[in-house]
Amino acid sequence: MIDKQCKSAAEAVEGIEDGAVILVGGFGQTGEPMDLLDAIAAKGLKDLTIVANGGGSGEHGIGRLLAGGCVRKLVCSFPRVPGSVAFEELYEQRAIELEIVPQGTIAERVRAGGAGIPAFYVPTGAGTELGEGKEHREFEGRAFVMEHAIKGDVAVIKAERADRWGNLSYRLSARNFNPVMAMGAELTIAQVEECVPLGGMDPETIVTPSIFVDRVVEIPDGVSNG
Amino acid sequence: MIDKQCKSAAEAVEGIEDGAVILVGGFGQTGEPMDLLDAIAAKGLKDLTIVANGGGSGEHGIGRLLAGGCVRKLVCSFPRVPGSVAFEELYEQRAIELEIVPQGTIAERVRAGGAGIPAFYVPTGAGTELGEGKEHREFEGRAFVMEHAIKGDVAVIKAERADRWGNLSYRLSARNFNPVMAMGAELTIAQVEECVPLGGMDPETIVTPSIFVDRVVEIPDGVSNG
Amino acid sequence: MADGLTRNQMAWRLGRDIAEGSYVNLGVGIPLLVLDHAPAGREIIFHSENGVLGMKPKDEADGIRPDDLTNAGKQPVSLVPGAAMFHHADSFIMIRGGHLDIAVLGAYQVAENGDLANWRLSGAPTAPAVGGAMDLAAGARNVWAICEHNGRDGAPKIVRECTLPLTGPRSVNRIYTDLAIIDVTPDGLVVREKIEDLSLEGLQARTAAPLSLANDWRPLEAPEL
Amino acid sequence: MADGLTRNQMAWRLGRDIAEGSYVNLGVGIPLLVLDHAPAGREIIFHSENGVLGMKPKDEADGIRPDDLTNAGKQPVSLVPGAAMFHHADSFIMIRGGHLDIAVLGAYQVAENGDLANWRLSGAPTAPAVGGAMDLAAGARNVWAICEHNGRDGAPKIVRECTLPLTGPRSVNRIYTDLAIIDVTPDGLVVREKIEDLSLEGLQARTAAPLSLANDWRPLEAPEL
């Protein structure tokens, strides 16, 4: 019997190693897999690369990984938000490498990583600082930038509901980057608010099919078992 | 008030011109927008390019467009199926141009057209006849083929349900190419089995958001109003 | 000096120009005020890059937890009937693929050729942060910039060439400020509306690129808000 | 000449080698027979490129109209609990992105280096048709070819080099035939199983590329089906 369910966040993040590239879902704190990230921080890992929309805020999640000195490089579109204290301190001390990527380009690079597409062209960033140093090419007279796929060793995401195969559905805008990150990594770990029996999810409304998910841990909102 | 609903298939296909590139949803006859295609055939258009998975079968849909001499070029992965008589006759007479594209590459080229991505690389077809003459490039020691976006003038698709804004949901494997084609054209026209009042579709389970849809016509299964 | 519009009035005025049925993305800052002042009774579909189509200002009675549904500025919003949810890659298909009718973006500078600078102040010690601005500038069919006509130090935001890092070249079609509505055209910047008691010369003095006045220009007006 | 397995027996035998929890695509033809003969009680998740994960043989009692749910061969199927539906672009993310554990494909020819030819007969007057075969050959983690050991004319399908147009270079890991199960390895073709009363020499005589016999080879067997 296939059972991807883990008993705790700590069990769910077993095996992640120093230097891993970790894709993280969420937009602001909405849909950020706080408990999984806290469990990774608790392992004291080093030299992680974090790929996410932002640089975290507060003392949990990405913020905790940053404050704990676990992160060598942050790939994101928007590192600065109110409360992104940990990131700002590291940035000021030049203690973190920062790669700024336009938001849509992050999403597409991760999708490409999951889709077997090593590179693609976008208009985004052409003629700007963020396009500098990248390969350019014209199509129909317009300038485009070549972007490379991002592949994660691990993706940590948050969903509303799962079954034991790892099918996932999300709640409202907490969906955001989560289904995208789920496709892009070797090992995808989801924290979910509720596990339901197999067959308890409508096949038509599953957002992330189980093929993209390796581990699931049920953590009802407001209950941390990290 | 936004109202994308048309009264008939004939009204829904108004304005399509000779030489148009038309993206067609469906896989086999499942999800093929028969009534819209028949309405296009009834207009007697010429020199159409049809982008679809297959070459149609029987006397309706793509089969009727082909038999009617409307099609100059067919871009597809699998033109030959039982009943694809119209296509086979044209092919034998060399009266149609055929571009064979691997199935996943069709889907991705159309998505790219809808996503503002002019070109991308895939491993599919590298080292085969279908890769010949295409630009190749190595990434991490493996050969990839550059594929270009396909943009449609028109997409004709079939869905199960719509509202007056054009939000769509599908039934089981009748989804197939339909949501992909919907994204890839200037003008997207959907035939649906049922129109429901605005607000009658769950925002979480809409598959094609209204932004991709321009016209909707309700044609209950088994009732043709083309 | 002539009194200009307030930020709310600027957002209100821009909202009047959005046609029914338009799909519109609102950037953070002044653009998001457009949501609060959209024309009543006109169906406009507002997009948020974090996976929302069909948002409206937060209605506390909707029963949705504030964290579960936010706009791009991470503020709680609600949904209109006909709304749809999707993930980030699909959201940027809409943006990059030219499916949005209008992106409303804030601006540090707009150049007379439509170049937009709105993401980074040169020499700022803080880390850069781009969000979805470059995707929107490159992808939307129309980009409308909305900003005060002049900075706090009086420096014009409408310039011959941007001195700040670009968000996108030749992106902006139209500029909404507290003093004027200005179209970016192949023939240069054309004033469509201006504060009535501000002369063209007075407006030009506060603008660092040449302006011409449309023959059919109208006074820029907005109600008290 | 030794009696080989029937097509159903070949599909049954292949099914025994699919580990629980595997995600498996079945090509049209013999591969689709694997669905009918999958090991009972083992959870294997079958993928169909037309947007289905979790299919099983058609159960007339499922209440689904046959046209609404088909496999890649356009035959009606049913869903298991845990199934999911998605569109074609997402389906080929699964295929091209290396998410499938196994693709089972028919074959006209397999070369000793794993080259696969299964989409086009040279010189055939009919139009070519590739479907999803090239995507599967390029993308799945493992490609298992299943085919009769020899064509109707007796010509070996396992060859040194394919003479037919390739579906994908170096794609196939393992070959299931009516006579043997053969691994494609860096050291050449290794026979894991063969019909017991067929000698290696007998098998080699029906194969156009050199074979070696694994030390731990076993007899190829299947029940009456």
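As written, the chains take the letters A, B, C and D, and residue 1 is the first residue of each chain.
Here, a residue touches a chain if its C-beta (ideal position, glycine included) is under 8 Å from a C-beta of that chain, and two chains touch if they have at least 3 such contacts.
What you are looking at is a predicted structure, and each value in this text was computed from that prediction instead of being measured.
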item	value
Target chain D, source chain C, minimum contact steps	2
Chain pair showing more contacts of the two, A-D and A-C	A-C
Between chain A and chain B, centroid-to-centroid distance (C-alpha), Å	33
Centre-to-centre distance between chain C and chain B (centres being mean Cα positions), rounded to whole Å	35
For chain A paired with chain C, centre-to-centre distance based on mean C-alpha positions, whole Å	29
Contacts with two or more other chains, residues of chain D listed in rising order	85-86, 92, 95-96, 138-139
Where chain A touches two or more other chains, by residue	108, 111, 115-117, 122-123, 170-172, 203-204
Every chain pair in contact, whichever chains are involved	A-B, A-C, A-D, B-C, B-D
Footprint of chain C on chain B - complex, ascending	1-2, 111, 113-117, 163-165, 167, 183, 198-199, 201, 203-204, 206, 209-212
Chain D - residues contacting chain B, complex	48-52, 64, 67-70, 74, 85-89, 91-92, 95-96, 120, 125-135, 138-139, 165-169
Footprint of chain A on chain D - complex, ascending	20-21, 23, 43, 45, 47, 53-54, 79, 81-86, 90, 92-100, 138-139
Chain B - residues contacting chain D, complex	27-30, 53, 55, 77-81, 87-88, 91-92, 98, 100-108, 110-111, 122-130, 170-180, 207
Chain B residues within the chain A interface of the complex	108, 112, 115-123, 137, 139-140, 144, 148, 169-172, 202-205
